[in-house]
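Should a chain be cited, it is by its letter among A, B and C, assigned in written order, with residues numbered from 1 in that chain.
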Amino acid sequence: MILPEYAVLFIILAPFIGGLLAGIDRKLTARMQGRVGPPILQPFYDVGKLFQKEQIVVTPSQHFYVLSYLVFIVASGALFFAGGDLLLVIFAFTLAHIFLVLGAYSSYSPYSFIGAERELIQIIAYEPMIILAAVGMYMVTKSFFVWEIMASSLPLILYLPGVFLGFLMVLTIKLRKSPFDLSTSHHAHQEIVKGVTTEFSGPMLARVEIAHWYENVFLLGFIYLFFAWNPLVGVIAIIVAYLLEILIDNTFSRATWKFTLKSAWIIAGMMGLVNLGVLYYLSGVVPV
Amino acid sequence: MTHLSKSPWILHYDASSCNGCDIEVLACLSPLYDVERFGIINTGNPKHADVLVITGGINEQNREVVKNLYDQMPDPKVVVAVGICASTGGVFRECYNVVGGIDCIIPVDVYVPGCAARPESIIDGIVRALSILEEKKKNPAPGRAAMGGER
Amino acid sequence: MITLPFLILFPAVIAILLLLVSADAWRRLVVKAGALIIGIASLYLLFITPETGPGFFPVAFDSISELMFLAEMVIAAFLVYLGIKYKKYLAIFLVVAQAALLVYYESLAGSGTHTVPNLFIDQFSLILALIIGIIGSLICVYALGYMATYQEHHPEVRDRRRTFFFLMFFFLSSMFGLVFSDFLPWVFFFWELTTLCSFLLIGYSGTGEAVNNAFLALNMNLLGGIAFVGALLYLAFVSPGGELLNISTLIHSGHMVALVPAVLIAFAGITKAALMPFSAWLVGAMVAPTPVSALLHSSTMVKAGVYIIVRFAPVLTGTMEGLIIGLIGGFTFLLASAIAISQSNAKKVLAYSTIANLGLIVACAGVGTYKLVWAAILLIIFHAIAKSLLFLCVGTVEHRIGSKDIEDMTGLIVRMPHVAVMMFIGIAGMFLAPFGMLISKWAAIEAFIEAQFGLIFVAILAFGGSITVFFWSKWMGKIISVCPVAVKVENRIPQEKWIALSLLTAMTVFICLAFPLISSHLIEPFVLSVYGATTRLSQDNVIIMVMMLFLLMIMPFSLLWFRKEKNIVPPYMAGRPSTPDLHFLGSMGVTRQVTLGNYYLEEVFGEKRLFMAGTALCLGLILLVGTLTAGVAL
């Protein structure tokens, strides 16, 4: 059953949660580096400031792509929280990212161009694993619909430990954390200037930032699915997973695109596929 | 007060500094001074930056670059000249290839003296620049189009 | 029912007419009128196709089979002549071998056959007929404009436009014959005709490369042809009465009898659809003029290969042979997609993507559960439309900018805005939600999970699907980057091209809205009649997809709002001042211009390496399936 009210809740609340999350992230990162760090609300100040800046563009069509990126990220997240079909959510999510890439391409700028190419490499690096994760959930719960996966009383994580680890790996790519922040990165990190976002500025950059908040909330929701049978464990898992990502961010230096692609695919193959294979084999022996 | 002064993003450019001031600027980012406390971030991109921090004076090689970086920053924006060379040309002022301080190319809002400038004074300079940033938001300078635009 | 023979014969009549007419104005008239009538007639099929099961139409004329045999011998003689002329001895050998087998078959079956061959139509034939009739005739109209420019640009190529249009329409005729025939020897006859048309059209320009590639295509298709005759021979042995020579009876006759011919015919289908060991011919076929690539080598002829495999899917399903054929398709999908990343020639990218998608269709058909057949047919439809649109766009662009290299298409959105938008839609149609191809891939993933050994295919789809994202997006990125030096050159494009392009673009979008209807009225009845069960996307998802499509169509209007943007600055060039046309002072005081090139990742996705891997893998699988089948046959 599709639940539109959760979609509305997501659309309203996700920016606040995502922004806070980014603020906590920065604070923790600073503490790990022995600094005081910015206020928790800093991401909101940043976005507020960006909206107050003058808008400059290289080409007006950038606006179209960035706006579409935001709209489709929100749409796919809303669909996810409404309980829609997981594969459709993933495809809508990819569509949104293609818009971001196209926005970077449209400016004909050397830096955003390289960023766009790298973003594409990242997409092909993480996408198989995300699809395999959805497939794994289907194999356990016999449904692609998020609401049915949520309603399942089976502890998915026990069936899909490999898939979950693989998902954590690509989550690092998705959250733009080191060592996989190839195409652009957050706060003080820099890579090929700012990669994909180099030519976005002012309000346009603010939209990209907000889209990223939405995206993060959606990704954490995805983690929750693995633990949906017990909400408390689910919340704890989200917190632990995110802390782990912050730790990884602060301990690893940036990898090359080749390493990123290879490791993501090998992990997806080793962890994800092997896990699914075992599940597939077992489903013939003992009904799940 | 708007959000402008809570989230100043910096573009740091070394014009022709001896690197002394640059080390001090970077020291501000270190755990000891930690300017991120104030929301200050060192971006590498003029299109994201609010404050242009320049060390060293203008020479023939970089006058166009400084102008270009300044032009590519969206309004409102401020310029902080860090160190005596950036402020006036310093000891290099009379060199054959040195034009002078930053202000002979672009308008400078805050001068931070010193050779090299101390981190404390750099932070002080940037914090002062923030109120100018707010000021510029309230009374905007003529727009790009009025100034002839870029292209 | 007169429409079926009409659709087979009428294009042939037009073809002969075009062979006779030499004045350009008359040719235009004949082609347009012919295309219009063929299009309307194939639409008319919608009303006469029975709702359930196939409709059979006996052909009154008795000696057709003899005439066909005679024609096949004439064709063989003609091919031998060409083989001698160009010193292609392998081709001669294959032609002679095939002809000899055919004579043998005729001597076996000719006396004993008492069944009356039928023309037939069911929803699947109808879908193919609509693709041939509508897309095919649109491409013929497009070819009018294209060939005029082509001859201008290539004065060294002898103007054989009469032959060209003859072949195009003759091809349409044989395709109609192929999808309406129930009697396998007839299917084979039309099969050979399409091979012949393809061979002659690839060699159109007569250059050394074209001739070589034409013979390459011929050889590989002849291999398939020989397998096809092998299937006929086997059936002639098994059922001397000839009852099993009808597809409709054969597929219901059980694995014991039908499996061997099904595998042999599937092999023929694999050669025709240019799956992995045979993919070279389709890539080589890109030397042909673009309308040929669009018509034969993406939307129709290669579809005949997958058509026949989908027809035999009920026989293949659940068998080891079917699974292996599916695997050949699956690996082809994965590797051909990966190779496409390393290509910068637009037509080659399209060729590899075509091979990949045909592979995916074969993967669905080989595993062959009812859900997968549903997905396979959906793939056939969406692929035909979007791919032909893309080919025609590339052809148009090639004539205006003088290159079909994707790197040269930088800033196409400024140089040829309308064509670029159409190309953009075509590319989006190939891989993005909520457009057609993605719907089909999605359906395929869901269907594979439940199939036997489906996990392998799910993995192939997960990886292959994301690989396609890469090469399509970087192409999209190239055409939409707003390059400041671009000059608008979108003039002097003939009206015929515009007609075909705009209609195909409209269809690409429209088909996404209409696909639930197509599914419920065409695909589901077919799947239901063959398997007794059918599938569809859930109602919720369809609604969401339609909403997404509308959202996608609304978004461009935001450009009207943003158009007022005044603060336009040059891109960031690391502080280097650059001129409006992006010249900057580089090191050593040399002025340079910014040029941006895509990633091709040759090291990882190089053509040679992956092609070798694919050939080895798929050839091994073919040998395996051959051994298995031989075991069954003996």
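The rule is simple: contacts are C-beta pairs under 8 Å (C-beta built on N, C-alpha and C of every residue); 3 or more make two chains touch, one makes a residue touch a chain.
Just so you know, these numbers come straight off a predicted model, no measurement behind them.
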Exercise. Counting contact pairs per chain pair, which pair wins?
Worked result: A-C
Seminar exercise, completed: So the chain most remote from chain C by C-alpha centre is B
Seminar exercise, completed: Separation of the C-alpha centres, chain A versus chain B, in whole Å, is 35
Exercise. What is the distance in Å between the mean C-alpha positions of chain B and chain C?
Worked result: 60
Seminar exercise, completed: Multi-chain touching residues of chain C, meaning two or more other chains, are 567-570, 572-573
Exercise. What are the residue numbers in chain B that touch two or more other chains?
Worked result: 45, 47, 72, 74, 143-144
Exercise. So which stretches of chain A touch two or more other chains?
Worked result: 54-56, 193, 198-199
Exercise. For chain C, which residues count as touching chain B in their complex?
Worked result: 566-570, 572-573, 575-577, 580
Seminar exercise, completed: As the complex stands, chain B meets chain A at residues 2-4, 6-7, 9, 29, 31, 34, 36-39, 41-45, 47-48, 50, 72, 74-76, 137, 143-144
Problem set entry | chain C contact footprint on chain A (complex, rising order) | 2, 54-61, 63-64, 67-68, 71-72, 75, 79, 84-85, 87-88, 91-92, 94-95, 98, 101-102, 104-113, 116-117, 120-121, 123-124, 127-128, 131-132, 135, 138-139, 144, 193, 198-199, 258, 261, 265, 268-269, 273, 276-277, 280
Problem set entry | Interface residues, chain B side, partner chain C - complex | 13, 45-47, 64-69, 71-72, 74, 143-145, 149-151
Exercise. Quick one: in the complex, what on chain C touches chain A?
Worked result: 410-411, 413, 432-434, 438, 442, 445-446, 449, 455, 458-459, 461-463, 465-467, 469-470, 473-474, 476-478, 480-484, 538, 540-541, 544-545, 548, 551-552, 555-556, 558-559, 562-563, 565, 567-574, 582, 594, 596, 598-599, 603-604
